[in-house]
Each structure stands twice: as structure tokens, then as C-alpha cells.
Amino acid sequence: MTDLARSEARAFLERPAGLPRPCRVVAAIPENYRTRTIVLDTALEARPGQFCMLWLPGLDEKPFSVQSAAPAAFTIAAVGPFSRAVHRLAAGDRIWLRGPFGRPFRRTGRDHLLVGGGYGVAPMLFLAREARARGERVRAVVGAREARDLLLADALREAGAELWLTTEDGSAGLPGRVTDAIAPMLAEDPPDSLYACGPHPMLAALARLAAARGLPAQLSWEAYMRCGIGICGSCEQEGMLLCTDGPVLDQPASV
Amino acid sequence: MTDLARSEARAFLERPAGLPRPCRVVAAIPENYRTRTIVLDTALEARPGQFCMLWLPGLDEKPFSVQSAAPAAFTIAAVGPFSRAVHRLAAGDRIWLRGPFGRPFRRTGRDHLLVGGGYGVAPMLFLAREARARGERVRAVVGAREARDLLLADALREAGAELWLTTEDGSAGLPGRVTDAIAPMLAEDPPDSLYACGPHPMLAALARLAAARGLPAQLSWEAYMRCGIGICGSCEQEGMLLCTDGPVLDQPASV
Amino acid sequence: MSQAAVDLSVEIAGLRLPNPLVLASGILGTHASLMVRCARAGAGAITAKSAGPVPRGGHVNPSCVDFGGGLLNAIGLANPGAEAEVALLAETRAQLAELGVPLIASIFADTVDNFARVAEHISRAAPDLIEVNISCPNVGSEFGEPFAGQPESAAAVTAAVKAATGIPVIVKLAPNVPSIARIARAVVEAGADALCAINTMPGMLIDAESGLPVLQNRSGGLSGPALKPIALNAVYQIARVVQVPIIGTGGVSTGQDAIEMLSAGASAVGIGSAVYADGPDAFGRIAREMREWLVAHGLTLAQVRGRAHRQAKWPEAATPAPVPHAPAAETAPPATPRAGAAS
Amino acid sequence: MSQAAVDLSVEIAGLRLPNPLVLASGILGTHASLMVRCARAGAGAITAKSAGPVPRGGHVNPSCVDFGGGLLNAIGLANPGAEAEVALLAETRAQLAELGVPLIASIFADTVDNFARVAEHISRAAPDLIEVNISCPNVGSEFGEPFAGQPESAAAVTAAVKAATGIPVIVKLAPNVPSIARIARAVVEAGADALCAINTMPGMLIDAESGLPVLQNRSGGLSGPALKPIALNAVYQIARVVQVPIIGTGGVSTGQDAIEMLSAGASAVGIGSAVYADGPDAFGRIAREMREWLVAHGLTLAQVRGRAHRQAKWPEAATPAPVPHAPAAETAPPATPRAGAAS
């Protein structure tokens, strides 16, 4: 084959996607009443904000944010058939993984404000650890409906993040939403950049807040994913593909 | 894909065979009344004794010994439709090439006896140059029917080989066959090893001679080749595939 | 000739495309925004995702994986149904028109009648062309063979769609047939204005560890580099028997691949899986590589098209040597006579 | 369990093979010496090169090339003819018998009658099995479709060969059909004792530079890694509808590939193009990789066979979530309502 054709064919072959590879669960750690972290016997070359497709053969395959790359770990809320099946796995059980996929968070500046809602805290923990390992400042805000929904707070604290908790019912931390905790920070001691992952209404509110302050923001969005590799179009959001252009999208500061 | 499967698929991809690649003729040098050397605008990672498949689209594809690797050159006798078509090529014309293929000569010792009959001299010139570049002794015997059939004698001499010529009709060099020239050498000043390429009767005679003397010999045989990559079976010779196990076969000294 | 001056425009069923690179159906054809993005990135025409009579959720994941030599997918014809598709197409067409890039609607159905209904429906959006995806299972066939599998069923769908719409019709053929040329002739006789060849080839991947197929749907369709030789052959065989333009589709990822596809006899070139390799930018890259190739070789697109069909010109004397049916006896070393009647 | 203790033997049509790895027809099957070499290197059975009614020189070169994803060949059924083949087979069989490795003859022809004649002829060499290669063109068909292309022609050949010989018959199927399962059922009903799936897939490579097909015969057959998903699917679909053993053939180059093929429902595994990767030693390597895999997974060959057909067991609650036919409205960012009816 010609050199050009060969190089192209090889490029195709060398894409990270590949087929799902079997892994074993090393530990399944309860995080709250409906969330567990599964730790696998593999290491990923992943960056915070990237995700993997986890597969249980014959059942389903879904995207999950990388919570830790080495060893690979995912923090999963049991909300439906697939996530409940993952919760039934114990150490030694197998689960399959493709990826990592997607565009990660890119740290901007040295003073980072991280916001996680629900299992959106998972990639924030990974990002906090990366930033702290480089001696950068990390403030983290974790929001939930009530105290029992809060996630990974101790891990964030151990990672060296300055931590704020918010609950809508006031059962722990500041009463209210993450935006309530953030507004004064942005006014008094603004960070270099904002990073967030969580429910879309939360992200939309943060986007407005960041835009109003002219603060660079990177937000990680979610969509139903089929191919995970940028060709089926399922994960479209305003002309972007969340699986390849995202899940982390830059929020232009000038919206 | 699994690592194993990936590595296998890549091994497949990385085989040197590939598709014929287009080259241009840089020079077409007449060697004798029916033999030309074509020099191409490409370099090969080839060893002496290896061959390439040369293709003229829509006509045919045939194996030819590498006479020089950088630049790629082949010495071709016009004996049939394909070789005559190659002879019609001039500088600037295109010809396609796959390879190199096959097992090369492996130099044994530092005192080498090279024997070439007909266009079988081509790989011997390549081998002579390689050995001389390493300061090893090269004696070369070039045989032909008559003087006008002799080939590449000057080039061998320039390469620093001690040269003997033989012609069956005595029109140049020693009268007789290559074996006649060799017999006394083997008796008086035996080389470490014998290397030969040429018509099969010549090779068979040399094999007997080497066997009688217990001299290690490597002989390059010819067969009709289809695939050139060891799967079709066309080039079988006594259980060996001349395209992949050969064309150079070790002649056991103990026949 | 400068690269900018190279004319890549081609004509398909009376329609002029700025270049021959057609976004293949099922790739990013779900949203106006994505189709427009592909057009901006350099596609010469856009095919929407195939739409059927009713909305379909498609198959559970995994539904599309990279096996190293290409992709295997069983997205399952996920689509919003013809009704919603009309609005999607109309919006997309309006945006593409500004860019001078034609829109090709794609339709499928489970019966011949439903093909006609969907075609009629979709025509309201006034796409520039309608592509008929006949690789879907024919519910009337015991083994669920595709309409594309038999000349009769393929022609029946073609005729029904032609009767239902005034928009020119492309019929998209499947590779898993004994003779794709026979199917091509049947659909052209039934009125097809152009052909698209080929759809994916049925395939399966099995995960050795679990022993289960990787795709939740078990089997799927193979695309990408592994499909290229199959597609080139299909286009070549079709071009021998019909005159209508062919959108050659399958495994094209480089400008050189596209040149090969045109050489086989295609008038335009579908691009699907290559979008995986580098996103919509694949279009700009492949078009640039084509221009570079044409300039370097001093050829026009028209000169490239179909040239694999010509006979090589060699002097009369140079007809190939006869092929021995077994290694010729005279080349065997006489020193060691060989055994075996065949050898 | 130690690897040495792993039993790899399998049965095909009453014949026991020391292991499931069968040298595919057309690979090194031209000479007794080469077939014996493959057996020594670890093959569990040997298929000879297909022989036809008369000697054939085959096609002019290039006749077999590596395109990166596999091989494309048009050797052109080069063979010495049934007459000479009898002696070759007899000699080969005698030598293989000493190694306990069965010999499979392979035959092809241009008409149903000639299939019967070749089968009868070749039976004199008493091969252990006769494989019928029906991927060759049916001279009676306008487009030169293969006998393997239609259930009727495939069954006719099968019945004729069965009537002509007492030796068990394997019918080798082609992938380029709308439903290989339908063909499989037809040939089994016509008496096939076993099936081999699949032969190569028609393909073409074009040299962009000259614009000509790379193979002198223009089109050829695709084999090797690119064929694997097609072969796995074929075997899976066939195993659903027939009970006879299947020699799963296509793209197997590793022990894991072989495990996948058995999982799809094959009883034995054909090895062709992989011989290119590392010569006859491919057999020993693949067999070793299979043993290692079986030991590592604590499974026997019998447990592996057909397991891709089982339903995965997940708790009742765990049926997959329904698939949205478009991104669900609730996941769209409320801050920026999205346009487009389909989205």
C-alpha cells in the first residue's frame, strides 16, 4: 500500500477507541445511599473531564466520567437499570471499558473554582487532585438536594481543596444552591477560572454567572451517547458533539 | 480491540509487502546486448539475495533480484514479454515495485566465493559490495555461454572483487563452466563460504561440488512466483517456499 | 495549474455539487447544525440520516465500535420519523442553500407501500435529491433479507418511490449480493436517477471474554477502511452495466482513496467513517488532498473518472507470458527430482 | 489444568481432528510437501487447493497482494486438474495419515454435472472429506454469479456431489449473499454433512497512479483481518438454522480469533491468510494461544462453542433503559433552547 494510505489506515487503527476491554472490579466503595465508586484493575491515560464507556455484555453500555485514572475509578449513582447493575458488582467481577473519550478540562491560571452537582463531583475530584499536585489553588463547591446526596466531600478535602457544601434543604453546609455559595466568591476573591459538572440547570446558571462576571468557564455537559466517537450525532448540543468536542465546552465569557 | 488482537492486526499491517508503489526510472543502462540495469528513484531496505516484484500495470508482475538497494537497481535480461517491456522504459517512465521479499544471503566467515551465471550476477554484485565495504575478501566467478553474455564484470572489479570469467565457447576468460574455474580454488585456497545465483543446472553442480568439499554454500533458486508472500505454494521446491524460505537456501555441506 | 483553480464540481442527476464529497447517510445527519457544520467544513453535498415511517429509538448500546480495521455499527436506524424529518430537512435545506451545498434526504421503510408514503411525505421538505436506503429488512421476506438483496424487490421499491415523488431518486445498494451489477441494472430500469454504492457489509464482533457479541444488536454493518476494496469492486461492476451517476461510498478516508473511487467509475464519493478519524474536517482535508493529487498528476476529475475500466496499452509483443499451472518442470533443480504428480 | 492436558480435538462429519485448526483451501495446498509441513507445524486438518475438471494456469500477476487490512487475491483457481489431483491427494493422504491429520479435498467446477464428475474422480484418492467450493462462477448465470449465490444452484451442486461420492461432503459458502443462513439451510437439506464459511469476499484495489486495478484479473477475493467480522456473522447466522458442523473461516490470526469463531458456533476454524503473517508456524502459535486462553479461563472447547448465541443473564430489573430517538428534551441546557423539529 502507498505510504499515504498506510499512514491513514494506521491512524484509524491507532485511535484510542477500540473495542471494550475486560477489566475486574478491585473495590466497590459506597459513597452515599445511592452512589458507589468502582475501582478497576487497570490504569487509564485519561485527563480530568474525559469519560469512558462502561459495558456489561448483553445489558447496555453507558458513559461515565473518569474519577481517577490510575487506578481507573468511576463514581456511579444508581438511577436506572444499568447503573443499578453496576452497583451489584463486587470485587472480582468483570466490567468492560472503552475509552477514554472526549475533551478534558484544561486548567487556566493557578486559582481554580470547581463546582460539582450530583455525580458531577467525580471529574472535579480528579481535576482537584491534578491541580493540587501542581501546587495550584483549588476551591471546590459541592451541591446537593439534601445532606445524604452529598458526594466525595472528604476526598476533596483530603486532596487539599478549600471546600464549600450546599444543600437545598439546608441539612448540611450552606442552605441553597451552588450559585448562592459562588456569587460572593466571584465578587470578593475571583478565581482565574471556573470548572463545573452537574445537572444542566446548574450548568446553565453557572454559565450566566460566569458570563456576567467575564470569568472563563469550562462546563461539562451530558447527552445520550450512542457511538461515543463523533459520528452518529446523538450527543449534539448547539452544533457541538458532546462526545468529541465535549463533554467539556468552553463557555465564552461574553455570552 | 484487545491488545493481542491489535498487535496482531498491526503486525499484519506492518509486513513489508504492501501494495506496489510507483517509482520512476532514473536511468536505464545497457549491460550487454540483451540486459539492462534500471535504476529507480527510490531506496530499498534490502539485503543481497532479496528480490522485488516489479509491476507494469495491465501487463504482468515478476520477481527480480535487488542489484543495488540505494538507489534501487535491477539488472534485467530481455527474454519474454515482460522483461522486453521493461527494456522499453526510459528515464522518467514509471514502474511499480513491491518488496523486498525473501531471505537474503548471510555472510559466513570473511573469505567469500561468489558465483553468478546469467543475470544471477546481479545479486552477487550487491553481495560483493557489502562484503568489500566490511573489508572482507571476495572472489567472484562470472560464467556465460559466450563473451557477449557476460555481465557486470567491470562493476565487480570496481567493487574490489578478485574476478574470474568463464565462457563455454572460450570467447572470453577461462573456457568452460564456472565449476571448472572453481574446482582448483576449492582445492588450493578454499573460501569460508560459497554463494551462487544462476541457472538451476549450474546451482545443482555447485551444490555437488560444495557438498563434496564440505563447504557451506548458499544458493539462490528461481521458481514461478504468484503471491511472493508465502501462501499460494507456486514456488515450492522440496518443501521449501522459494519466496519466503528462499530464494537463498542453505546447501547442507553434508549432502 | 494552481490548486485553487482545480475544478472539483460534479453533476449528479442534474444537480451540481461544488465538490464530489458527499456526507454519507447516518453520519452526523441527525441535526441541522451538524449537517451545516459538515458543509462548512467542505462537503459537496449532505445526506441526512435515513428516516422511516415512524420514530425509532434505535438499538441499545454498544451500537457502534471501532474494531481496528473500520467500524461496526447497529445504530438501528434511530430517527424521528418522516413527520418530524420534514421539518428537520426543511430547516437544513434552507441553511445549506446559503452555502450552495445540496441536501439529500434518505428514506427507508418496511414495505414497498411505506417507501412510497415516506417518499411522498419527505418531498414536502423539497430536498434536492432523495436517497432510498434499501438495505433495511424486507418484512415480507422469511430470512429478513434486505430489499437490496433481490433485483425484484429493489426494483419494486424504486418504481414505487419514483411514482411518489418528482424529486430525482438515488437508490443505495447493499454489498451482500451475488451480483450487485444485476441489482443496479434492475433499479435503473425501474427509474433510479442515480445510485449510491455501497451500504455497510453485515458483520459481527465477538468479545472473547464474555463470549457475547459486542454489539447489543449482535450483528451490525461494517464500514471504513476494511470496506474499501468491497466498495471499489461494487462501483466498478455497476459502472460496467449502467450509465447513471454513482456515489461511490465505502472506506474513503484520503484524497487518494477518493481518486480510486472515481477511477472505479463513481461520479461522487460518499464519506462516512472517515469523519471518525478527524471529525467534519475530514471533508476539507480530503478535498485538499484531491486537489493536490490532481495538480501533481496534471489530470482533471473528468479524466480520472472511470479510468480503471480502460485497457492498459502495451506494445503488441507485450502480452503477458502464459502462467504455468504448476512450477515448470524445467525450473526444478535436476539434481533432486521432485515427487508428486501435481508438482 | 495444565496446558498440555487441554483437549483441542473436535469432530467434523464423523471425523476426529487433533485440533480445530484447518488449513484453508488455496493456501499451500499445491504440494504434498507443503501440506505435510502445515500438519507438522500443528494443523488439525489440511484442505488441498481446489481442483477443477481440467488443468488451469490461473491468472497473470499481480494475483495476490496485501492491502494493509488483509489480502486480495485472484490466483484464478490455478490447479493441475482432477486427473493429476488424484495422485497428489493420494500421496498427501498417505503422508498425513502417519501424522494423524485428515485430508480434505477441495473441488470446483463450471456446471453441476462437472461438479459430480470431479467429485467422483477425486474420490479415488480417498480423501477423508470433500469440500465443495461453490464460489466459482456458474457458467449458466448471466452475470456469472457463483453457485453459492442462490439456494437453488447451491443445493443442486450439493445433491449432485452427494450422489457422486460416498465420502462426507463439506459445502463452502460465499459471503456475498443477502442471507447466508438461507443458503446454508438449502445445502444442508440437499445433504451437506458439514459447512465451511466463508470464502473470500469480492473486492478490488485500484492503483491511483496508473488508475488501473492492482490485480491483473481486476477483481479478487478479500481475506484476512478485514474479513473476520463478516465471517463471524456468517457463522453465527448459519449456526442458528442448521445443526451440521461449521468450519468457521475468515480472518483468524490469533488464538483469541479462533475462540471468537468457535463462540459464533463453529466446530473447527479455517486458517488461510494468517499463514502469510508467520508461515506454517501460525498453526502451532494459534493452537498454543487457544490452550493458554482455555486454561486462563477455565473453559473447555465444548463450553466455548456457540456461546455467543446465549442470552446474557442479568437480574430481571436490569433490562436496558429505553433508547431516546433524539436527545431527550430534559437533557438540553434550558438556558439555550435548541432549534430544529427533530432535535
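Chains here go by letter, A, B, C and D, matching the order in which they are written, and residues are numbered from 1 within each.
Throughout what follows, contacts are C-beta pairs under 8 Å (C-beta built on N, C-alpha and C of every residue); 3 or more make two chains touch, one makes a residue touch a chain.
Since we're looking at a predicted model, the values are computed, not measured.
Colleague: Ignoring chain D, partition the remaining chains into groups joined by touching, separated by vertical bars.
Modeller: Leave chain D aside; others remain one piece.
Colleague: Compare the CA centroid of chain C with every other chain's and tell me the farthest one.
Modeller: Farthest by centroid: B.
Colleague: Cα centroid separation between chain A and chain B, in whole Å?
Modeller: The separation of the two C-alpha centroids amounts to 62 Å.
Colleague: Where the CA atoms of chain B average out and where those of chain C average out, how many Å apart are those spots?
Modeller: Distance between chain centres: 45 Å.
Colleague: Taking each chain's centre as the mean position of its Cα atoms, how many Å separate chain A from chain C?
Modeller: Each chain reduced to its C-alpha mean, chain A and chain C end up 37 Å apart.
Colleague: Mark out which residues of chain A touch at least two other chains, giving numbers and ranges.
Modeller: Chain A, residues with two or more chain partners: 1-2, 5-6, 9, 13, 18-19, 57-58, 60, 234, 236, 238.
Colleague: Going through chain D residue by residue, note those that touch at least 2 other chains and give them in order.
Modeller: Within chain D, residues 30-31, 33, 58, 60, 66-70, 78, 205, 208-210, 212, 216, 225, 256, 312, 320-321, 323-324, 343 contact more than one other chain.
Colleague: Which residues of chain C touch chain A in their complex?
Modeller: Going by the criterion above, the answer is residues 26-31, 33-34, 36-37, 49, 58, 60-71, 73, 75, 78, 205, 207, 209-210, 212, 214, 216, 224-225, 253-254, 256-257, 272-273, 275-277, 279.
Colleague: Would you tell me which residues of chain A are touching chain C in their complex?
Modeller: Its residues touching chain C are 2, 4-5, 8-9, 11-13, 15, 17-20, 22, 53, 55, 57-58, 60-62, 94, 96, 98, 225-234, 236, 238-239, 241, 244-245.
Colleague: Touching chain D in the complex: which residues of chain A?
Modeller: Within the complex, chain A contacts chain D at residues 1-2, 5-6, 9, 56-60, 80-82, 84-85, 88, 200-201, 203-205, 207-208, 221-224, 234-238.
Colleague: Which bits of chain D are touching chain C when the two form their complex?
Modeller: Contact set of chain D toward chain C: 30-33, 55-60, 67-70, 72, 76, 78-81, 84-88, 91, 142-146, 148-150, 174-179, 181-182, 201-206, 208-213, 216, 218-219, 222, 225-226, 229-230, 232-233, 236-237, 256, 259-260, 263-264, 293, 297, 304, 307-308, 310, 312, 320-326, 339-343.
Colleague: What residues on chain C touch chain B, complex-wise?
Modeller: Contact set of chain C toward chain B: 66-69, 208, 311-315, 317-321, 323-324, 327-328, 331-336, 338, 343.
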